[in-house]
Each structure stands twice: as C-alpha cells, then as structure tokens.
Amino acid sequence: MAQFVMEFERPLVDLEEKLQELKRLDLAADLELGEEIKELEAEIEQLRVTLYQALSPWERVQVARHPGRPKTQDYVEALCSEVVELNGDRLYGDDEAIFAGLATIAGHRCMVIGHRKGKSTKENIRRNFGSPHPEGLRKARRAMLMAEKFGLPVVTFVDTQGAYPGVEAEERGQAWAIAENLATLSALRVPIVAVGIGEGGSGGALAIGFGDRLIMLENAYYSVISPEACASILYKDAGRAPETASCLRMTAEDLVGLGIADEIIAEPLGGAHRDPSAVFAAVERAVIAALSELCVQDADALVERRFERLSAIGVYAEGE
Amino acid sequence: MAQFVMEFERPLVDLEEKLQELKRLDLAADLELGEEIKELEAEIEQLRVTLYQALSPWERVQVARHPGRPKTQDYVEALCSEVVELNGDRLYGDDEAIFAGLATIAGHRCMVIGHRKGKSTKENIRRNFGSPHPEGLRKARRAMLMAEKFGLPVVTFVDTQGAYPGVEAEERGQAWAIAENLATLSALRVPIVAVGIGEGGSGGALAIGFGDRLIMLENAYYSVISPEACASILYKDAGRAPETASCLRMTAEDLVGLGIADEIIAEPLGGAHRDPSAVFAAVERAVIAALSELCVQDADALVERRFERLSAIGVYAEGE
Amino acid sequence: MPISDWFKAREGRRYTVASAEKSADLPDGVWLKCPSCKHTIYQGVLEENVYVCPHCAHHFELYAHARVLSLADEGTFEETESTLSSLDPLRFSANKPYTESLASAKDKTGMAEAVVTGRALLGGHPVVLGAMDFRFVGASMGSAVGEKIARAFALAEAERRGLVLVIASGGARMQEGMLSLMQMAKTSAAAERLSRARVPYISILTNPTYGGVTASFPVLADIILAEPGALIGFTGPRVIEQTIRQSLPKGFQTAEFLEEHGMIDEVVPRTELASTVARVLDYLSGPEVPLAATGAACRVPASTGGDE
Amino acid sequence: MPISDWFKAREGRRYTVASAEKSADLPDGVWLKCPSCKHTIYQGVLEENVYVCPHCAHHFELYAHARVLSLADEGTFEETESTLSSLDPLRFSANKPYTESLASAKDKTGMAEAVVTGRALLGGHPVVLGAMDFRFVGASMGSAVGEKIARAFALAEAERRGLVLVIASGGARMQEGMLSLMQMAKTSAAAERLSRARVPYISILTNPTYGGVTASFPVLADIILAEPGALIGFTGPRVIEQTIRQSLPKGFQTAEFLEEHGMIDEVVPRTELASTVARVLDYLSGPEVPLAATGAACRVPASTGGDE
C-alpha cells in the first residue's frame, strides 16, 4: 500500500521522493551525483527535525490517527506471549472493537484489554473502527473482574475515537456501561497500567483508560472531546479543529503537566509508524517497570493510592 | 366474565346451576321448594367434598392453572404496603413477566420478587404469560443483590410455566441468566422465603424459586418438566399428561415428602380462587412466621444452612 | 414556608427559582404561559405545584436551589461547600474565554457553581442532597462540580446519610479539557466507595442529562428515578443522526424510553418525587449500626415489627 | 500410552472410548467411515487424532473416560466416587421403568453413572477433571450426577485444584422429578462456593449441551470453551420451533453462534483443548498461599519473573 502522507509532512515527502529519484539516477547512469545526494540528505534531515521535533497539537492528532500507526493487536503480537483471548460479555454479544485476553509480557502474567481498530476497511467495519458498544465495555469489565479474582495485573491499550454514538448503543446503556467500568477500575484490587497508544476519545477511552499509571506515547492524545466536535460547538466550524486542539490541552505533554499522565514514551521522528519495533520495545520497558513497582504493593494500599490519585485531580477555588 | 370451569368439576357445576335455577323459581313464583333446595344443597356439599378433597395430581395442575387463581400481583396488593417497584436489568430491558419491588409485609420490609402472569389476554401478551426472558431474570438478580446490600429479606412468588422458549431468549443467554440466579440465591446473605402459588415450571421457576423456606399452596405444583412435555417424550402423546403428572411427583405433598418443600398452605375447597382473601391471610401468616424465624439469625449461619440444605437434596447409592 | 419567602429571607443572594420565573420581577400575581399547552397560569399556583403545569403536567425547568427545597423537609436544608468554584486551569479561550462564561453564569444564577449540595432531612431521613443547575454553563462538570459531587459522596459516607442527587447536565465541561473528563472517573470512584459502605444513593435524572455526566455517578445509583419526558443519554441526538444518517425513533432517549430499555427504575412526576424518595429511604436507610456488627441477617429484626 | 492400551490394562471394566469405536470388536487395523465427509479412516489414526476426522475435522462423540484421558497428562488420572450411582426414589415407571433405563445404560457403558470425575494433572497443574457421557440416559442430571458434580467442586475447593469439566447433556433427568431440578440449584451453589474461593474453573461444552444442565454449573465457569459445531442451549430447537411457529436461523445454538452472542470465550477444536486448558490454568492457578495472606496485589510478584 502507498505510504499515507499527512498534510503537514508533504514538503518532507517531496524532498524524500526527489532523493529517491537522484539515487536511481546515480545507479542507473553511474553518474557522480554523490555530492548532490549528500546535500539533499542533509537538507532532508534538517527538515525532518524541524518538522517533527515540535509538532503542534493538531499535527500530533494526525500522527495519532495515522493508518499505519501500531494498533492494540500489534502491541499484543509484539509484547505478549501465551495469549488466551476472552470473548463476550455473557449478556448480549461479543464486540470486536474491544480486545480482552490473558497474556504474558516479559514473564508477567497479565490481563490485557484494548480498543481494537482495524487495519483495513473490511476489518474496520467488523471492529467498528475501534468504537465500542456497551457489550464491548462489559466484556472489558468481565476481564477486569477476572483479573481481580485471580490476582493478575491489568494492562490496557487505549486507542479509540470514542464510544460508538448509535441508537442501539444508547438502547443498551452506553452510559451505564461506561460508568460501571469507571467504578470497577477505581476499586479493582490489582494494579492497572494504562497506555495511550493513539487516540483517547472521551468516555469510550476512559472506560478502560486509567489506573495506577497512565503512560502516553509522545503523539498519542487524550481528550474530553474531539477537536473537530469542539470547533463545531464553539465556532460552528469543524475546520477550526487545529485551534481547539491546542486549547483543549490534549497532548501527552499536557497530560503530564495536568498531573493525569505519569510518563511519556518518545516516538521515532515522524511517529510510531516510522519504527514500530523501537516503540514496542520502549512500551514493553515502561509497562514492565510499572508492573514491577506495582505488583509487590499491598492491595489495600494500592487501591487507596489510586483513589487518592483520582480524588486529587481537579483545579478549583475555595472561599468567598 | 363467566366462571371458568375445569373439566373435572363439570358435574358439580351442573348441580350448582340447577340449584340456582331452583332458587330463582322459589323467589319468582313464591313456591315452597325449600325441601328440594335443601336436599340439593346437601348433595352439592357432599359432591364438593368428594370431588375436591382428593384431587389427583393432574386435577391439581388444572387448579394451579385456573385463570381466576390469585396471581403475584394479587398477593402484592393484598399483603404488601408501601410498594416501590423496581424496573429493568440495567443491561438490556425491562421484562414485565417478572415483578420486583421493595414492599412491606405486616411491618417487615422486604424485597418481593415474583412471576407475573396477566389476568386478560392483553395483559398476558404484555407479560408474556409470566414466562421470563433473560432480562427478567437479571432484573430479579439485581433485586436480590440490592436486598443483600441493604439487609432486606427476599420473598418470592413462584408462578410460571417456565422460562420463555424463544430465539431471542436463547440469544441473550437464558441458561446463563438462570444459572447466575441460582448461584446468587444460594449464597445471598439475607433470608429467602419462596412461595409456590401456582405453576412451578422448571428452570424458569427455580431461578427465583428456592431459598431458606419453600412454602407451597396445596394445589400449586413444581416440576422438572410439564406433564404434557413429559408425556410427549415418553408416549409421543401429550394427552397422557394425567399419567405423567402422577409419576413426576410434582404436588405440594410430594415436595414435602422429598424434603424440598417445608410447608403446605391449605386452600379452600375447589382452589384458591374460591376464596382468595382466606388464602392471602394464610400466606401472610406463613411468610411472617418464616421471616420472624429467619431474620434474627446470623447471616453466616443462614447461608451455611441454606448450602447444607441444598447439598442434602438427592437420593443415590454409594459402594459397589 | 413557600419557596419565594425562603428566598426573600436570604436577601443578598440572587437565587432564582425556576425557568418560568423569568417574569418574577413583575409584581406579585403575575400570569405565566405554559410553553406546552399554552394555558396561562397564575405564578403562585405554578409554584405550589413545584413548577408542573396543572393543565398538561409540563415540567418547567426547576433551578437547583428550588429543587433542593422541593425535596427537603421544610427548613432542614443546610448548604455545604457553597464557596467552591471553578478556576481556568487551561486558560481556555477559544471563541469566548472560559472566565467570561463563568462570570456570566455566576451573574445569571447567583450561584458559585453548577451544583448545590447540603445536608437535609427528607421524609425524616438525614440525607445529603444535591441538585445541578442547567443555566450554569449547561450544568457541565468541571473540576469544581466534580469536587463538590465527590465531597457529597464522602459526606454521605462519613455521616451514613442517604445521598439524593438531582441530575441535569449537558456533559463534561470542555473548557477544562482532560481535567473535566477525569471528573467522570473521580465521581464514579466516590460512588463506588459509598456503594461498598452500603449507604443508599438515589439519583433523579431530569431534562436534559447527557454526555460524560450521564456516563458516571448518576447511573451508579441504587435507585434511578427520572422525570416524565426528560431527555437522557450519552450521545446527543444530533450527533447520532449525523453518524447513522437516519432520523431517530420517536420518543428516543426519553425517560419512558429508558425505563422500557431497563435502564431506570421508575418515571416519577415531580409532584411525587419527594414522597417516592422518602419511601425508598424507608427501605434502604437502616439504623446506624452496620449490619456486620450485629451479625443478624436483616436490618429490621422480626421483633421490632418494622415501623420505626 | 495410547488410550486403547490403557483400557486393556484395566480389564474387567467394559469402558468404550468413542462413538466411532462401535467396530472395536473387529480385529486391529479396522477402517471407519466418517459420517460427515464419508472418508474411510484407519481407526488408529482416528484414535491418535482424539476422534476428530483428519479429512473434515468432524468431531466424533467422545465417551467420558476417553475424554478424561485425552485431557489429563499421561497416566495421572485417578477416578473418584466411581461407585456413586442412581436409585429410583420416585419409583418412576411411565412407559419404561427408570430402573430399566439405568440398567441398560450401565450395561451399555460399563459406567455407574453419566459422569466420570477424578484427580489428574493437566499441563502439570493438579486439577479435578470430569466428563459426562451422553450414552448414559442422555447424560441427564439426576441425584447421582448432581452429587458427583457437587463433590467434584468440593474436592477442587478443598485441595485448591483447578476444576475442568467436559459437559454433554440432554438436560435434567425427568425420571427423578424435582430431585433432578434441584440438582441445578445444588451444583450452582457448589460452583458459587468454588468461585468465592477463587479456584479456577473451566468448562468445555460439547455436543449436545441442553436444558437444565446448561442452566446451572456449566455456564458458571471462569472460562467457557466449546467444541466446534456443538449444539448448546436451554430449550431444544424443536420446542422453540413449536412455540414460535417459525423455522430457526441457520447455525442457531451452535458453539459459533454462542460465541458471537457473547456467551462463551472460545470455540476450540478438540485437538487443541488440552493445550488451551493448560494455558488458561497457567494464568489462573496460582501458588497455594491465598492472596490475602501475602497482601501483595498480584499472584506473581515482579521479582519472580513469571515462569514457575
């Protein structure tokens, strides 16, 4: 498949294409274009750094949504062994927008839960583009409770535009399913490590997206509302999303600043899709470090700290 | 509405009609038919006793299914005050075949749960003839757990032909819903008093139909399979249900004999529909007596005794 | 005392009572028009009827303080955390600065934030009582609302008072970004604690209840009531229509629709809310001694007969 | 050792292994015909393949003892409660006396009842292992089956062994009337106890699993697996068709249908069952010290690295 190009990286891609052309010439005609190639490579390198090293929030959103970006199932494949997938909520259905399974990460036996976007249109339709219905969230909750019952830490991969906004989802209690997951996560007696790997869309993300640690990939975002929806409300113009993306403070760095995320995992220049295996390794290191710290803690203390951590979130004034 | 006549009581009804006729003649023509009337009354009284005092199991099944027989909502109306009905399973729907509600019985605050048959065709369609879908059983389970949470004893009224045998019921996990109720009832930390008031059809009945006490109305039945279905299987002839009704040992008396039911409440001659208020009073006395005994018990001991009671049910051989 | 007198007694605070009262600056005895049946109604009559139209049962919007007073036993409501209010942690200024929205909401309502909480008696039961006010930035939940709700849960737990919350909300408060989203987790955590402490919690969903607020503490109640016709959901109807490109079924997301779909316990007219809540508390509010300490299986032993 | 040798070593017991073995009295090397793809298969091949057709993956009926042996680590299965058997408490004699049905079932199967239970190792994990045999009165659950199942749960709890049960059943055993129905409550109570003790329980639903048995202990497992194509439900398809007066959707009540409807965890071919169950037990079977005693949040502390 042709490389997907985000708008802001067009100038870089143009240069890269030119470089490829030069290299082909070099080989084909055996000409001495070495100097030109070297110069162009230097130029590209500089542009790459300029372009990628200080991405705007809106540009990061583009990177977070890049179709080639590693998805939950890529992390499961790269990090996990001995996987046993769990299906179904035992109430209504099995939602393929949510993955849940027993899995081993570097020797740690865990319960892994994640939003599951597809990699092709066909797969995306089956997985509803990673937007869960209530039965998906209830499957996740069943997995959480099983993890608690058998003393397995929970690792979640967050990557969704949000819970699915459809008639049937409302009929089957989307709000109820989300709220019950929040309550369950808040008091679960095993460690919970959440990793923001791409999109973190509102309640549908939060329903599996917090715990004792929140690790964010550098270009992952997490937001109360999508920048487009926010722009639609405020300006009646979704096209002004680049502005609202900044206002909403939804980047990994913002989240650390707000005391909501703990840690940022650097991505390769250009985004996680440029070198997935480096990202997998970094995520594995971070998850293992978190688990090593959390798993030996006393369960009561763990839950109490999580509650205090949640309770402390918020900025407000008191007094007349 | 015309009095519903069960087949076996036809001779009695014929005599009763004749008596009414005589009485009308007496009044209209001012004739002295007093003697004839008295004789007929005596004859009727004797036939009534002969007919009703030793009902066969199959005749009891007819009484248990009598359309005029008091239903769960009649018991709720007669016995309960301050009722707060609970609706919905908070997962999928609200099933009108099941009633659940907070209610006060002679000063005892309880959780009341019951199968709810309709009294008219229209109501029966809405209530699915008292045959629950999974969402009804899950509403019942929610009520059980709420009762446990707030220390309220559970009183159930059992009256169903069985869980609904439909495609959607299977799709939404009828077996799962029943089994979860059984597990929940077995370990619930509050007293459970079940009252068999009419039909006790298999798993759909059992899902709210056992606990620390099982009180059976004299003509209520409780069976692993309907006598018709049993006859269909064994004889390929549902018409032989009168025979299988006897074989299956499904009457109140049988259940006490088998150690499954604790107590039988006598019904007026002819069945509960002949004098509902007497039945309500007797049921109230029995329920209150059971609650008075159970509510002061230690919760751990209560649950342990219930488990032992269940574990002891069964007749089998051991040893070569 | 009637609600209007109570407000007069607290001069200096510019509380208003209900949406129909926008003509309250007119002299006493003013007539109001019902937007549903178009009848004109004497304001005093409307007030006596908890702002429910006596002709068509239309439920007028009822502001937070009036709501609280409509539920509490007369003279028993004592507000808590009344000075807790929002800041502007994100310096949010897309289109209109957040600080301006807050200032105008305060000015319009006389409230410090979108939720009022306090102690009260309700049907004789000690409760913590709260209500949200849609006029205040759409009763959206930012840090201050989340904190007040969380404190209401904590107070209910600490004093073992039943918790009664009247909900209305447009959802999360986007001007506080992720701080707002996290209030969903924070308030749900508080609800879970109260639940484990087995203190009863009743929520009353009113028109409108939407978004991230719906998907947190309101639906975690032991008993969920709703006012007739109230619109309640996670995603708003317009967004759903845009997503599915179909028009929505009739009655979609009404309280009645939700009852049919098993999500709420009962649709209760406003005029019967106080008595219904009191009745529920009769069942779920027990003596102060926790069950575990007595060992007995039931809250009300047989010997006491039941009527406290 | 191969299953057939194991049986030879236990002479005097007339266990049979699987439905295809009805030609087992023929000399070694007999060929069998697959009812699905009509291929003829060498019996030894079929046996090696756990009675799954190597051509079309048709799953032949597998009898209880063979089933247990197919899952247990070689030579580790020790039967328990092997003498527990049914009586005729109702003196049930409609059409055919129950005692006759029992006698012919015993004769046909060489089993005392429709379920075999015992201790075993499975992937190295100590387990309690059980399997039901459809040939024995349709593997229906009467008092004896209920008691054996309940004792299997109790044994698993007492020795903190994972419980693995392979289900097949036509439902309750009507010849025992209400005693049979109550086995549903009794076995579910046993399952609830094991669950509260946090001992893992895996059920494997095979063809057919129906009626009151489905609606009790089998679906209360932590992990529910099923064999491909197995028919599983509460009400049988004919009764449903009679009720709704419509024909049933294609694939209705198959294992795959149930997975789609969220009721089971995974459809697993018979050849992979032992390894799948072993893998699940790797996760859910912990050390003998209960979690509460250590205080630590997780079963496997980080320092141990994981591989036991």
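Just so it is clear, A, B, C and D label the chains in written order, and each chain counts residues from 1 on its own.
To be clear about the criterion, a residue touches a chain if its C-beta (ideal position, glycine included) is under 8 Å from a C-beta of that chain, and two chains touch if they have at least 3 such contacts.
These figures come from a predicted structure and were not determined experimentally.
The most distant chain from chain D, with centres taken as the mean of CA atoms, is C.
By number of C-beta pairs in contact, A-C leads over the other of B-C and A-C.
With each centre defined as the average position of its C-alpha atoms, the distance from chain A to chain D rounds to 41 Å.
If you average the CA atoms of chain A and of chain C, the two centres end up 35 Å from each other.
The geometric centre of chain C is 52 Å away from that of chain D, both derived from CA atoms.
Across the assembly, chain A contributes residues 90-92, 172-173, 176 that each touch 2 or more other chains. Shared interface positions of chain D, defined as residues touching 2 or more other chains, are 195, 219, 261-263. Taken together, the touching pairs give a contact graph of some other shape, not a line, ring, star or complete one. The full set of touching chain pairs reads A-B, A-C, A-D, B-C, B-D.
Looking at the complex, you find that chain D touches chain B at residues 81, 83-87, 89-90, 92-96, 142-144, 146-147, 150, 172-174, 176-186, 188-193, 195-196, 211-212, 214-220, 233-235, 239-240, 243-244, 248-249, 252-253, 261-263. On the side of chain B, the complex with chain A involves touching residues 90-92, 138, 172-173, 176. Taken in their complex, chain A has these residues touching chain D: 82, 84-95, 102, 104, 106-109, 135, 139, 146, 149-153, 189-191, 288, 291-300, 302.
Those residues of chain D lying in contact with chain A across their complex are 195, 198, 200, 219, 222-223, 259-266, 276, 279-280, 282-284, 286, 291, 295-303, 305-307. Put simply, chain A touches chain C in their complex at residues 163, 165-167, 169-176, 178-180, 182-187, 202-203, 206-207, 210, 222-225, 229-231, 233-235, 243-244, 247-250, 254-255, 258, 260, 306-307, 310-311, 313-320.
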